[in-house]
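Note that the chains take the letters A, B, C, D, E and F in the order they are written out, and that residue 1 is the start of every chain.
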Amino acid sequence: MELLNALLKLTALERLPRAGWLLAGQAVAEPVAAHGLGTCLVVLALGPAVEPAIDLDRAVSLAALHDAPEALLTDLPKVASQLLPPGAKRQAEELAARELLAPLSAAALARWREFHAGETREARFVRLCDKLQMGVRALAYAQSGARGLGEFRASIEELEADEFEPCARLRDQLVAALDAD
Amino acid sequence: MELLNALLKLTALERLPRAGWLLAGQAVAEPVAAHGLGTCLVVLALGPAVEPAIDLDRAVSLAALHDAPEALLTDLPKVASQLLPPGAKRQAEELAARELLAPLSAAALARWREFHAGETREARFVRLCDKLQMGVRALAYAQSGARGLGEFRASIEELEADEFEPCARLRDQLVAALDAD
Amino acid sequence: MELLNALLKLTALERLPRAGWLLAGQAVAEPVAAHGLGTCLVVLALGPAVEPAIDLDRAVSLAALHDAPEALLTDLPKVASQLLPPGAKRQAEELAARELLAPLSAAALARWREFHAGETREARFVRLCDKLQMGVRALAYAQSGARGLGEFRASIEELEADEFEPCARLRDQLVAALDAD
Amino acid sequence: MELLNALLKLTALERLPRAGWLLAGQAVAEPVAAHGLGTCLVVLALGPAVEPAIDLDRAVSLAALHDAPEALLTDLPKVASQLLPPGAKRQAEELAARELLAPLSAAALARWREFHAGETREARFVRLCDKLQMGVRALAYAQSGARGLGEFRASIEELEADEFEPCARLRDQLVAALDAD
Amino acid sequence: MELLNALLKLTALERLPRAGWLLAGQAVAEPVAAHGLGTCLVVLALGPAVEPAIDLDRAVSLAALHDAPEALLTDLPKVASQLLPPGAKRQAEELAARELLAPLSAAALARWREFHAGETREARFVRLCDKLQMGVRALAYAQSGARGLGEFRASIEELEADEFEPCARLRDQLVAALDAD
Amino acid sequence: MELLNALLKLTALERLPRAGWLLAGQAVAEPVAAHGLGTCLVVLALGPAVEPAIDLDRAVSLAALHDAPEALLTDLPKVASQLLPPGAKRQAEELAARELLAPLSAAALARWREFHAGETREARFVRLCDKLQMGVRALAYAQSGARGLGEFRASIEELEADEFEPCARLRDQLVAALDAD
């Protein structure tokens, strides 16, 4: 039943809010699970245009898993991560990933670790997609009336995306759209 | 900007509730996006144990995309689908998928269609994982105090899972846990 | 107990969101039940000024019932209705109305059908009030900070209201107020 | 624009919670608007069986309007009404009804007053339907897992419904169903 | 167990919305409990600068208790208080305070009464902090995109704060920030 | 304006959920601000009975401030704290308290530090009240239908409360009530 227990714990991703939006004043924040799925969709949108080609489907798996440990750790906003001692969050994530993903499958844990190690092209690509999903979400908030999201715009603008041209293009479109809004 | 517009529309998956839980009396329903991610996680949990081996990562992509058209159509509960003329929902999903997924990438639309055609082993496996995720969610609701979920237990019990033994095993665990609760 | 069961099912109207607001980016959407009551109030506001006089109270009954089948079908946004085959939604509504309203009373089902047939002046008047309530709601959203509601303004402006002068007047006030906002 | 302003204020009925459910521990409470519409539906369910016949549609209008002043006053739970000086709530409701309903139409204000005077058979019938809707809601909460609703069961059981046999019958069904639950 | 029962009833402060925000169109309103804690924080921010010195900690106690009776009475918006007969709300608050706070401790009831009598400098200071917290909340809403809060700005501007210079200073900053927004 | 900025940031306490309830399956979790106020109320309930007497009002101030740094750090559930390196959370809290509370007043920061140092009797008393509030909340959840709160019952039972007899008494009542439920 270890597998079922892990799946039950992972349902918390549906209820846990992405904390950055709460700190920025939004009354109802995107759940972590929606960010996870949204990152998969950004991967599926940009991945096929990456050159040289990447393993698109493996990249989707990395995206689906990348925040799974938050079902135990919750989503720490950027400011919180900065106040913790260096490496503290990373260590906690590794422990949480082991507890939650090892009972699913060795492949699940391996793909999560690939994402966090950031050594494969797929992992680096998904890390950009993770940030770009935040930009898409910020733009959607802004277009429906939200304000006070300047720090999110700034994070998007600062993204280094030279390795993946489709990411650089979406970054630029997001910044332009946020500015036009 | 067609790609960005499609990604913006897809953020609605975060807000759209899985309607079956609302009809069953739950005040706050799982969002469609959380179901999508949860299905990916079931795939990652059961897929590596499937014999003969399937393409695990492609199955995850199918799971991530399988309900994407609901960003235009919303989630129709089972009872609503049954009241529509035969084939009506299917036709609408195909049109919505074209509108939302074609701007992402040809691969995204192709994978969605593979899921709905149900002709590959990966597609049939993900369709079972889609239902099993509903069982995991029903059990999580029940364990935190919800009642009145009998029809969900019945759907799980009736699942035909002979083709994929790991799915049959999780189905049986779910039924047993729902009965024990 | 058939009557009580139908009333229990109809409580879902309280939890089901008006999907159009969710697709437009609002985090919390008006429930279907609130739209139903709001339509009754628009009828009570405009009905007494209609000439020649209509049966005001019967019009209120039509308004109260007009979306009752959504307790089974959920609220389909305009875009979803357009993607379904012609007549599909109508047929499903008729079946759902029978299942939910026949157990209440023959009068309830008859009034719902009168609304949907649109052959009496009361029915045509309530259909306009249904749309005008949407305009009032859009304006209320806009005045509390929402943006991105342009398509709702457009729907209101296009309303043909020649048959009922008080409706035409409210339509024009709504468009003016949305533009001034 | 007085009419439009009143309609805008009345949209608050969608957001205002029925306070009794909050005090009883429910995290998400039925909005006042949903109670209003639900009362209309109980009227439409029981009204046609009342003997001698009542004016069904006028009764629906009374139901739709009966709590409209709460858009200014909010919903006071029973315990709050009991702590206010005798007549205080009634006086405030009359002032609020004048402010909110007179701009709609004379008919709207007249029907609200008919309900509160309780002198017509329709008014007395709707007052019972108002309470019975609360019983239906309590039962729906209980069937989806809520507990701690004993005081609502007690209120239903104590309802004097001799004047309207269909109301007495639903009351008894509700008590039986709450006890069976 | 009277003490425990009172504490259980007071948990309703978490679920009860500050009604003024709902009437002003916000979909999700600050809970009464958050207003209570926020008032404590304003006291702790401004209190140490008050001259001659006040009893800072007793002022915090007054702030923590000042709206406790709302766990029975709910939060009446300004407009509702004005529609009740003079003194009605005050009388109900005294009765509710007795029922909820006497079981906690004599000190709790005494501090609540000190606040409402407004005869000590601490009580008058906390009454200003109560209003200033509303101004901080209004500004936070406005900065995240809310509109339609003009009446709150007006209330803040009209605050008489001559007795407590730090309150006058925060009032002026709030008005300036609301205007700049 | 540093003071006003800190007050604005602290409004996030209203939106941040107490994460433990989310992980335990509750759909809507108590906000951190409500926990803060609830702790003040437990202090006011039990403090006057403590012997020898403590400084009741200073204890209330400690309670009001004890979780203020969570406006930057968010609420870490117990399991998350255990996965972080020893001392990591403590260090982050100290930094966050400095950033948020120093702009309020030296007194605010001093009281927060007194709580966390745990060296005064008031601080140790408030630490128990912090846990007892969690027990009151768990009991309120359970009485309205929640299940799956066994770990909270266990934490309450294990509380060492020898130093403060009124705390020991409430702990025992809570355990008895949770068991009776």
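In this text, a residue touches a chain if its C-beta (ideal position, glycine included) is under 8 Å from a C-beta of that chain, and two chains touch if they have at least 3 such contacts.
No experiment lies behind these values; they were computed from the predicted model shown.
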Report summary line: Intersection of contact sets, subunit A vs subunit C, gives B, E
Query - Computed distance of Cα centres, subunit E from subunit C, in Å - result: 39
Report task. Mind checking the centre-to-centre distance between subunit D and subunit E? Centres are C-alpha means, answer in whole Å. Result -> 31
Query raised in the report: Could you state the distance in Å from the CA-based centre of subunit C to that of subunit F?
Result: 47
**Report entry** Residues of subunit D engaged with two or more neighbouring chains
**Finding:** 11, 25-28, 140, 143, 145
Requested in this report: Draw the chains as points, connect those that touch, then say whether the picture is a line, ring, star, complete or other.
Outcome: other
Report task. Any two chains that touch count here, so list every such pair. Result -> A-B, A-C, A-E, A-F, B-C, B-D, B-F, C-D, C-E, D-E, D-F, E-F
Query raised in the report: What part of subunit F is in contact with subunit D in the complex they form?
Result: 26-28, 140-141, 143-145
Query - subunit C contact footprint on subunit B (complex, rising order) - result: 9, 11-12, 15-17, 19, 22-23, 25-27, 29, 71-77, 79-80, 83-85, 87-89, 91-92, 95-96
Report summary line: The residues of subunit E that touch subunit F in their complex are 1, 3-4, 6-8, 10-11, 13-14, 30-31, 33-34, 36-38, 40-42, 44-49, 55-58, 60-61, 63-65, 68, 103-108, 111, 136-137, 139-140, 143, 170, 173-174, 177
Report summary line: In their shared complex, subunit D is touched by residues of subunit B numbered 24-28, 145-148
